[in-house]
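Next come the structures, one after another.
One chain, chain A, appears in both complexes that follow, with chain B as partner in the first and chain C in the second.
Here is the complex of A and B:
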C-alpha cells in the first residue's frame, strides 16, 4: 500500500540515483578533516602499548620500575595481570603514558614482562598436522537436498580439487585507537569506530571492572567521530586499548591519545579467517549441477572461527545434493574480526573455482554453464541478467578461449567469473530533522561515515524530500549524543539511515506545509515542495519560496522524527542482492606474474541513492579484491609464533598501477521498488574467485590457493 | 613442545643504554628500523661540510619553514618530521600510517620534491621549504588536484588522501602532460586501503596542466 513515505517515482526524482560529489570531499581533499588520530588536545599525553612477544604463555610478572623513571613518564595501567594467559603474539599487556610520543615509546620499552612460555600453534593449512597438535574441532556436518549417493551415481562428469585462501588482515590506514578526555564526570572519546552509538555502553562496561574508578554510566560518555580512517568490519568495539586509554586519562587528569602502531594494527586489530578444503562437484553432461561435497577447515585465531556458507549461491535444497563438513583450527594468532562480507569471499572461492573447473571438464563456456544453473540460486532472473550484462562489458564473446587455449607465447590471457549475494538487512535507526525559521535544515543521528558516503546519502534523501539542494542540508552524525542509529557493519547503514531520514523529513515537511497552507489559503495536501519552493499543485501561483515559507514559522523550529523499522512507514528498504564479476588477466608463465587487464562488475542493490558513491564502493571492493587475490596474506612463523609481515612493506596491498581497467555497472530502475539495500559487502565477495578462475583459464591449470603469488603460479605450472 | 622456560618480554633497548652517544647502528635504527630509542644523530654543519656536530639527545631548538611561515620549536633530534608537524605544530593533514617509508600517507614537499615525512628527521628539514597539504590551496580555492579529487570521488575514508594529493601535485608540477601510466608510476609510492585508485589516477591526470590554486 502506498504511503506518503514511499520513495518518489523515478520520474519525480531529482537527486536520488544520480551522481553527486561527496559532501565531505573538499574537507578530506584539503586535509582539514579531523580524524581521531589528528586530535591534539591541550596538555594531551601520548600512550603506547606493551604487548606480548610470545604467542602463548602465562604472565609471571610485570616490572614497571625502570619505566616509571623514564623521562616524561606519567602513568600506566595493566591490561593483563600476573597469572593471565596470553593466546597470541602482540596481545596487549599494559598501556603507558608520557608527555611525548617519544617518551611514551621509551617508557614502553623499559617495561619488563616475564612470561612463562606455553605450546603454540599458528599454522592451519596442513590440517593433519594441526590435528596431531590437537588443534582441530568439528564445526559443521550437514547434508541437504536429494540423496547424495544417488546424485553421485547420476553425475556424468565429476571434478574434485583442493582450494583455499589464507588469513588476511584489515590494515586500516587510520589504526584503531582514540583520544580520551576525562574531565569531572564527562568522558569525551574521539574514537576511530564504526559504532558511534554503541561505544558508550561498551566503554562504561569495560571501566566498571576497574574498582579504583567506581561506577561509570554510559551517559557520561560522549563519542565524537566525524571522520574515521577505515574499518572494514574491525572497529565495532572500544577494545582493551580504549578502556586503558580512558583509565589513563582518569588517572593522570589529562587527555590521552592511544593509537595502535602499524605492527599492532596489522597483528592484533583484525584478521579475516582463512579457508582451505577439498571440494567435489558433479554435473550431468548438459551442465546441470547435481552434487556438491566439501570438507573444509579454517582458522580465525584461538576460537577457530570461520564457517563459509557452502555451497555458495548454488544451493537449492530440492535440486542439489549437498554435503558439507567444516573444521575449525585453533591457532595462536590475532583473533578474527568481521571483514567485509564475513565468510562469503571464502565461500565464493570454494564454490566458483571448483565449478569453473567442472565447466572446463564439461567443455562448457562458464557463462553458459552458470546461466544454465542459475535456477539453483535464490534469484535466477537477477543473475541471468547480470551475467549477460557483465559478459558484454568485458567482451566475453570475443575474448574468452577454452582453458589452456591461449597461444604458444609465454604470456597467457584468460577470463574468469564469479557470482555473489549478500543480505544487508537495514539496521535500526532514529533520525531527527529540524527545519529552522531561517530556512536551515539539519539531519541528526548517531551514525557514522566510514568513507562509504553517509553524509552524502542522507543529504540526498533530505534534499530530495524537501525540494532543496544537497548543500542546503546540514548533516550531524558522528556523535553518540544524537538520536541512536546502528553500527555500520554488514551493509546495513544506507538502508537504515536513509529510511529514518526519509520518514523524519516527510514528517517535518508535513508540519511546515500546515503552516504554509494556512498562509496561502490552500489545503496542506495540495502542497508540494520542489525547486526551493512550496506551492499548490492545483494552482502554482499559490507559492512561497523555501525561505519565505520557513519565515512563517516565526521563532519556532520544526522537528521531525523518523525511525527504522517502522511498520507504517512505507516500503523504503529491503535485503538480499545479487552481483556478478568477471576478470580478464594476463599471466607471464616465465615469471609467474599476474596482470589485471580488466575487471567488470554488475551489482544490484535495489534503489541506488547516490550513483557516484555506490560505484566508488564497488571500485574499492574490486581493488581490495585484487590485493587479496594476488598479494595479500598474513604470514605466520611456527617457530616464533609471530606474524612475519606485520608492516606495509611485506604485507602487500595493491597499488594504483596494479588494478588495470575497472568497469562498474549499478543496476538501476529494475529493482528500485525494493527500496534501498546496502552495498559495502556484496562487491567485496567475488573478486578472488573471478581472478583465480581467469588465471586457471589463462594457464590451463588451477592454482589452488590465494593469493596467486608468482611462486604459486610457477609451482602449479611445474606440477601440471 | 612446551619449554616452560620463563622468558623476558619486550625489553628492547632502553633509552638509557642507547643514549650514551652516537653510533652508526643507532643512527640507522632511528631512520628506519629501530626500536625508536635512538639517542643522538649527526647533522652536517653547513659551513664546514665535512665537520660533523653531534646533537642531542636533549631537545634542540630548530626553525622549520612550513608553507612559507617560520615556526620555532624544540625537538629531540630523533623526532621525525611527521611527528613534529602533527604532534607539535598541529599540521595534521599529513598522516602517519606505516611510519616506514612504504605508504606515502605522510607525503610533504621538501624544496619542491615529494618526501616521506615519517622517514625524515625534523632537524634535517631545517633550512628547507616544507610544503604540506594545508599550504597548497589558496584560501577557499582548492588546488586543481584537490578539485579533481572531489569531482572523481578519489577518496573514501580519506585517510590516505592528503598523501595522494601531494603525490599528485608532485606529478603535475613536474610534468604538465603526463600519460596515464606516468600518473600510475608517480602514485606508486602511495597506498590506499579503501581502493580509490580509479578516481585518484583520473583526478591527477585531469589536473595536469591546470596550474595551481
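Here is the complex of A and C:
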C-alpha cells in the first residue's frame, strides 16, 4: 500500500535520477573545503607517533628523557607500556607533541623504546611454510547442497587450479588522524572519519581509561568533519592516535594535530586480507555447473581472518554441491580493516576465475556460460539482463575470441568478465528539516560525506520533495551534535539518509501546507509543491510562491523529523544488488605488461538518486580495481618483518593514463520500486576477476595470482 | 629531517669550499627531489646543505663545439624544451619516460645521474648493502627490482638513473670541480659498485661538484632508449636500455649498449655490442643483441623476469635505433 513517504513516480521526478554536479565540487576545486588535515588552529601543537620497528616483541622500557629535552617539546603520552606485546612493525607505542611538526619529529626520534624481540612471521602464500612456523589454524570446513561425491561423479568436465591475491592497503588520500581542541569541558574533534556520530562515545570510552583524566562523557565531544578524504572502510574508530591526541590536548591545554604520515597510514591504518587457494569446479557438457570445492587460506594480520563467501554468487544450495575449507594464517602485519565490499573482491577472484577457466575448457563463450548458470544466483533475471547490456557496451560479440586465439604478434588482446552482489541495506538515520519564514530550507543530521556525494543526494531529495532547486537547500552534516545518523560503511548511507530526509521533508511540507491551505482556503490534501510554488491541484490559480508561502509562517520555523527505519515506512529502500563488469585488455607477451583498453560496468542499485554521483562511485571503484588487479600489493620482508613499500612510490596505484576507457551504465527505471540501495561497495568487487579473466583470454594461460605484474605474467607464459 | 645549515653560494669555488671532505657531513642540493626525501627519511643526515641554484653558470643547456653542454642545474624539463637536445634521441626518449611534471620541473639531469639507489632496504634504513647479521637481506629477500648483473655481492641494488645509460651510450663526459680546480671524466667513470657498507655507488669525492655534462655530436650515429615501464603514471622502469650505433652505410661500425635498472651501475654490455658489430639493425640482429646482453645474467630468488625484460629492452632499443616499430 502506498504511504505518503513513497518516492515520486517516475513522471513526477524533476531531480531524482537525473545528472547533477556535486554541490561541494566548487569548494573542493577552489581549496576552500577544509579537511581535517587542513585544520590549523591558533596555538596548535603537532604530535607524532613513535612506532615499533620490530614486528613482534615485548616492550622492556621506554626512555623519553632525551626527547623531553628536544627544543619545542610539550608533552607525551604512552600508548603502550613496558610489558606490553607488539604484534606488528609500525605499532603505535607513544605520541609526542611539540610546537612545530619538525620539533615533534625530532622529539619522536629521540625516544628510545627497548623491545625484546620475539619470533615473527609475515608471509602466508606458502601455507606449508606458514604451517611449519605454527601460524595456520582451520577456520571453516563446510559442505552444502547436493551430495558432493555424486556431483563429481556426474560432472562431465572439471577444472582445478590455484588462484589468489595478496594483501593490499586502503591508502586513503587523506591519512587517518584528527585535530583535537580540548577547552574546559568541551572536546572538539576534527576527525577524518566515516562515523561522525559514533566517535564521541568511542573517544569518551577510550579517554575514561586514563585515570589522570577521569570520566569523560560522550556528550562533551563534538566531532566536526564537513569533508573527508577517503576511508574505504578503515575509518570507523577513533583509534589509539585519536585518544592520544585528545590526551595531549588535555595535558597541554592546546589544540593538538596528529595526522598519520604516508608510511604509517599504509603500514598500520588498514589492510585488506589476502586469499589464496585451490579451487575445483565441475560442469555438465552443456555448461551447467554442478560442483565447487575449495581449500583456501588467507591472512588479515595477527588475528587472521575468516573465510570469504565461497562460492560467490553461484551458490544455490539446492542445485550446486559445495565444499569449502578455509585456513587462517596469523601474521605479524598491520591488522585488516573492512576494505570496500569486505571479502567480496577476493571471493569474486576465487569463483569467477576458476569458472572462466572451466568455460574455456568447455569451449563455451563466458557470456553464454554465465547466463546459462544465472539460475544458480539469487537474481537470475537481473544478471541475464546486465550481462547482455555489458556485452553490448564492450562489443563482446565482435571482440571476443576463444582463449589463446589472439593473433601472432607479441601483443595479445582479450576480454573477461565477472559478476558481483552486495547488500547495501540502509543504516539508521534521523533527520531534521527546517523551513524558515524567509523561505530557507535546511537538512541536518550527523552523517558525513566521504567524497561520495552525500551533500548532493540529500539536496536532491529535499528539493524534489519541496518543489525547489538543489541550491535552495542548505545541508548540515559532518557534526556529531546534529540528529544521529549511521556510520558510512557497507553502502548503507544513501539508503538510510535519503529515507530519513524524505520523511522529514514530507513532514515539514505537510505542516507548511496546513498554513498555506488556510490562507488559500483550500484543503491541505489538495496542495502540491512544485516549481517554487505551492498550489491547489484542483485549481492552479490558487497558488502561492514558495517565498510567500513561507512568509505566512510569521516568525515561526517549521521543523520536520524523519527517521529510518520507520514503521510507517513505505518502500523507500532495500538491499541486495547485482552488477556485471567486463574488461578488454592488451598484454605484451614479451614484457608481461598489461594495458587496459576498456572496462564496462553495469550496476543495479534500485532507485538511483543522483545519476552522476552513482556513476562516479563506479568510476572510482574501477580505477581502484585496475590498481589492485595490476599494481597494488603490500610487500613484507620476512627478515625485518617490515612492509618495504610503505610509500606511494613502490605501493603502486593506477593513474589516469593507466585505466583505459571506462564506461558505466546504471540500471534505471527497471528496479526503481525497490527504493534506494547503496552503491559504494558493489562496483569495487569485480574488477580484479574481470581483468584477470581478460588476461587469461588474451594470453591463453591463467596468471594465478593478482596483482598481474609482469613477472607473474612472464612466469605463467613460461610455464605454459 | 634533522636540522641543518643551508648555504646558497653564487660561485662554484665557494660551493666546493663549503663541502666537507668527509662522507655524509655535507650535501649538495640541486632540485632536491631525491635528497630531500632521503633527509626526511633520515637516511641522509647532512649537517650542512649547499644549494647550487644561485650559481648562474650551472644553469642552461646549449650547443657547445659540435655537441651540447648540460649545466648541473638544468632540469629535465629544460632538456625536453631544449632545441640543442633534439638530436639526442636516446636522451630525449629517456627524459620522456619521467612522466611527472613536478619531477621534470624540479629534478636536474645531473641530479638524476647522482640520485641514490631506490632499493627499499636502503630507503628503509638498512644501509646500501642491506646487511643483517653479517649477510645481505637481498638475495633471499624481496628482490624483484634488484640486480641481475654485477650482483656477485655485496651490492644488489640497481642504478636507477634513466639518463646514465643514455649518456654513456652517447659517450658523454662530466666536468667535476673541487675547491682546487676541475677535472673531466666519462660519465661511465662516475659509477662504481661499492664493496663495503659506507662506500657510495659513485666516484665523486664528498667535496666535489659536478658542474656540467658534455655530450659529443651524434652525427653519423643512430641512438635510442627503450624503457620497460609498467605504468604511465610516474614509475620506475623495470629495465631500460640505451643504444648508440655509429653507422657505416647500413652496418654498425661502433655500438654502445648500456642497460639501466639491471646492476648497481649502468651496465655496458660488450656482448650485445659485439653482436651488433658489422651488422645491420634488423629485427633478428636486435633479438640477438638482446639475448647476448643478458646471457651472463645471474638472477636472484625473485627477479628472474628481469632477465627477459632487460633483453627485450635491448632488443627494442636496437629496433628503435633502426627506425622500426617495436610491437
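Criterion: the second predicted complex is superposed on the first by the 719 of 720 C-alpha atoms of A that agree within 3 Å, B and C clash if a C-alpha of one lies under 4 Å from a C-alpha of the other, contacts with A are read in each partner's own complex, and residues count from 1 in each chain.
Rule of thumb we're sticking to: contacts are C-beta pairs under 8 Å (C-beta built on N, C-alpha and C of every residue); 3 or more make two chains touch, one makes a residue touch a chain.
Since the structure is predicted, the reported quantities are computational estimates derived from the model, not experimental observations.
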In the superposed arrangement, which partner chain does A:37 touch: chain B (first), chain C (second), both, or neither? first
Based on the superposed arrangement, let me know which partner A:514 touches: chain B (first), chain C (second), both, or neither? neither
If we overlay the two complexes on their shared chain A, which of chain B and chain C does A:407 touch? Say first, second, both or neither. neither
Go through the superposed model and pick first if A:657 touches only chain B, second if only chain C, both, or neither. both
State whether A:8 touches chain B only (first), chain C only (second), both chains, or neither. neither
Can A:631 be said to touch chain B (first), chain C (second), both, or neither? second
Go through the superposed model and pick first if A:51 touches only chain B, second if only chain C, both, or neither. first
Between chain B and chain C, whom does A:709 touch in the aligned arrangement: first, second, both, or neither? second
May I ask you to decide whether A:138 touches chain B, chain C, both, or neither, giving the answer as first, second, both or neither? neither
In the superposition, chain B vs chain C on chain A residues touched: B
Under the contact rule defined above, give the chain A residues that sit at the interface with chain B and also at the interface with chain C. 102, 105-106, 109, 647, 649, 653-657
Going by the contact rule set out above, which residues of chain A touch chain C in the complex? 102, 105-106, 109, 409-411, 588, 590-593, 630-631, 635-640, 642, 644-645, 647, 649-650, 652-658, 709-711, 714-715
Touching chain B in the complex: which residues of chain A? 21-22, 24-26, 28-35, 37-38, 40, 46, 50-54, 60, 66, 70-71, 93, 100-102, 105-106, 108-120, 133, 171-175, 227-230, 232, 261-262, 450-452, 612-613, 615-617, 619-624, 647-649, 653-657, 659, 662
Taking the complex as given, what residues does chain B use to touch chain A? 1-15, 35-37, 76, 78-79, 83, 86-87, 90, 92-100, 102-103, 105, 132-134, 137, 142, 146-147, 149-151, 153-162, 165, 181, 183-185, 187-188, 190-201
Chain C - residues contacting chain A, complex: 1-3, 42, 99, 118, 120-121, 123-124, 126, 132, 137, 141-142, 144-145, 228-236, 238, 302-306, 308-309, 312, 327
